[in-house]
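The following blocks contain the structures, represented as structure tokens.
Note that chain A is present in both complexes that follow, paired respectively with chain B and with chain C.
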Partner chain A sequence: MVQDGELPTIAVEHDPDQLDDLTILRLTQEIKDVEASKNPLVGEFKSISVLLDEYKDATFRSKIKALGGGNAGYRPVRGDGNCAWRAFAFRYFELLSKLSKEEIEASSKFLQSRTGLLDAAGYSETGYIDFVEETFNLFQKLPDITPEQLVSEFNNAEVSSAIIVHFRLLAAAYIKTHSGDYLPFIDDGEGADISEYCNRNIEAFSVEADHLALSALVNSMTTVDLGVVYMDRSAGEEAVVHNFFPAESAAEVDPPLLKIDLLYRPGHYDIFYK
Partner chain B sequence: MASAASRRLLKEYSALQRENNVSESSASASLITEVSISPVSQEDLFYWTGVITGIPGSPYEGGCWKIDIRIPNTYPLHPPEIKFVTPICHPNIHFKTGEVCLDVLKSHWTAAWTLLSACIAVRALLSDPEIDSPLNIDAANILRCGDTTGYDSLVRYFTNKYARLDR
Partner chain C sequence: MPGYTKRLGRELSDLKSNPAVGISVFQADDFRIWLIDIQVMDNNPLYVSKTFRLQFRFTPTYPIEAPEVQFIRSLGREIPMHPHIYSNGHICLDVLGSGWSPIQTVGSVSMSIQSMLAGNDRNERPPDDARYVASAPISPKQTRFVYHDDNV
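Now for the complex of A and B:
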């Protein structure tokens, strides 16, 4: 822990004039890791009043109040660059865990069929299979899982990291196989490279999800509607909600459509419960 | 974490062996001759070694560099560390330590990549230097001045000096 007015020890080992890019990169990552490790990967449910206590700013307070009282709440997720992905994945499995065995089975089968996207996008099976398997291992446990067990599964870094990679690859694969839909948003005027965009912004572990990434994730899953509540200082009494609906929806009711809500505060996503 | 890493490395190793067998029988050894890698010992899959050849038509043509691949316990979530053992003249490769500065091997690593695809990316870097993040400042400066003739002959000199196949 760092006391006020005291420099972190890693800063004094290095002469600031002698730092090369690699060292800066490594030190930045170390600082992020230390900060991140103070929180669990997925925390416990908290009432919305806990969030209200964190803020003095009138804009935030009125927006938080407008989110609703009663059962509304949120679940904090570690801010390690994977928060949107981890929050989405946890909520996905949490919602599934409350469904019947048949519905879970149908959802699992459907998601399995989406693995074809990865092949279509040119990923090698050696590269993705371990991550995909981890997702379906968790599916197997779902019918009997308790809420506590699910939280503990997601706090096992090996399990939740693998699921995050699986979901990241699905989203990237969707963009790569629907490049015409995404190219206009990626093009910076100097010509765009879809594969490079996916590599830098979606596939790379610990890189924050942007708007495009979330849209691609929802499109790749096709069984999830995603709502993101933007809790920022923009004008207004109520937080703006951005909705992401899949471009093509899965066949009728089977598998069931899930509704996931995330709470966004600049630079970070948590899970939101209405 | 280490168990996931071992599992994955074992898969990559068997996939490479299968490819090697195929290419030996059909003589269509395209990638294998450009980049070839294998574990130093079958007892330890976390330490590999390999050979990268220069792309024909580039000043690295005819060169052949030995590389060292160390794999962290958190692989494939985190990238392998690839170093050149044979000295090479390149703006993004340290001449003495062999360290490689390539974003996809650092902050933009993708877990779906394999050791082979990482090495292929390193080979591609040879003809596509990034002069804004140099580890070999002298080589980068020559390129920055736009002196490609000078750069090419410098690269060719070091390739001939250290990395000739027929040496």
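Now for the complex of A and C:
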């Protein structure tokens, strides 16, 4: 256990030229464990006043105050390149966990039906099935899950990573199967390659979500409206909010529509609670 | 059973039951190291009638993280000549590094490497081959490759 303020000494004992692969693996894991103990994948809910205390800057403070008082708050998510995805996925399951068993069942069935997108995009079942299964394993536990158990599920890296990959693949598959809608935004003038864009920006683990990725994620799920509160230094008393609505509405299907809010600060997403 | 062995088990049965042309499993006895033989199927004079051997090394973080992949020398198995393949078998290929994604499989990586060979007509090593091989880490995953020429 490394205490705060004390640099990990593990690397010093080793001559970098002499490290074998297993040692590198072990050291990497130790560094990750130290990081994890300080900074969980999904943290605890915090009141908006905690956020306010972090800032002295007047622009930020006025924007944070305008977010609302009372029950408003946020839940920090680890900044590891997957934060938008993890924040979205956690909030998705958190909202579902408060619904009735029937509504959870309907949501699960509907999301199952979206697996067809993965096939349509040409992904092999061998490649995606384990990730998809992890999502539906969690669905099975939802009706009886406590808030603490859900946080703990998401702090299990294997579970959380798998669900993130599932959601990344859904978003990438949506772009691949609707390439005409996305090509104008991807084309940099030198000819765009949808497949390469998806590989580099969406399918690759630990690559942060851009605007297109979030739009594709919302479109692929069709049962979620997403609002992103931009907490940055731009002028104005209130933070700008970008809303993402699914292009195809799921109004004719059973699952309830969910509303997810994320709090964006340059380079990082957390979950926002109004 | 950890997740990655389940995934690899499924991949192995795919590779055996539905093999891609020119790609065959030479050895896969555990979930640590697999050896895959590949052949280039067109008549590229550099590789015609030759077989090359790829070594895949997995850790429990597979497939979230990329496997370690390189060519190995063996009886009748040379390291293919290519401007992105070092003489120690290390391969400079996007999909093995920053271009990796968990949807990739041993089969899809093998096919990427096969097509990388098929498209090559230069009988040469990377320009820094001697220097790299003299100081290369045991694992190619410890190397941050510089892409010399994206046109190859």
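Here is the rule we use: the second predicted complex is superposed on the first by the 233 of 274 C-alpha atoms of A that agree within 3 Å, B and C clash if a C-alpha of one lies under 4 Å from a C-alpha of the other, contacts with A are read in each partner's own complex, and residues count from 1 in each chain.
By definition in this document, a contact is a pair of C-beta atoms (placed from the backbone, for glycine too) under 8 Å apart; a residue touches a chain by one contact, two chains touch by 3 or more.
Being a predicted model, the structure only gives us computed values, none of them experimental.
Based on the superposition on chain A, does the combination of chain B and chain C result in a clash or a fit?
Because the two structures are overlaid on the shared chain, the partners are seen to clash.
Is A:Tyr123 touching the first partner chain B, the second partner chain C, both, or neither of them?
Both chain B and chain C are touched by A:Tyr123.
Look at A:Glu248 in the shared chain and tell me whether it touches chain B only, chain C only, both, or neither; answer first, second, both or neither.
neither
Examine A:Glu237 and indicate which partner it touches, taking first as chain B and second as chain C; both and neither are also allowed.
Once the two structures are laid over each other on A, A:Glu237 reaches no partner at all.
Scan A:Asp53 for contacts with chain B and chain C and give back first, second, both or neither.
neither
Kindly classify A:Ile24 by the partners it touches after superposition: chain B alone (first), chain C alone (second), both, or neither?
After superposition on chain A, A:Ile24 lies in contact with chain C alone.
Where on chain A do chain B and chain C both make contact?
The answer is residues 20-21, 25, 123-124, 126-131, 158, 161-162, 165, 169, 199-200, 203-205 of chain A.
Any idea which chain C residues touch chain A in the complex?
Listed in rising order, the residues of chain C that touch chain A are 3, 6-7, 10-11, 14, 57, 59, 63-65, 68, 98-105, 108, 138-139, 142.
For the complex, which residues does chain A have touching chain C?
Per the stated touch rule, the residues are 20-21, 24-25, 123-124, 126-131, 158, 161-162, 165, 169, 199-200, 203-205.
Enumerate the contact residues on chain A facing chain B in the complex.
Residues 20-22, 25, 29, 123-124, 126-131, 157-158, 161-162, 165, 169, 199-200, 203-205, 207 of chain A touch chain B in their complex.
Tell me, which parts of chain B touch chain A in their complex?
Within the complex, chain B touches chain A at residues 1, 3-4, 7-8, 11-12, 15, 76-78, 99, 101, 103-104, 106-114, 117, 133, 135.
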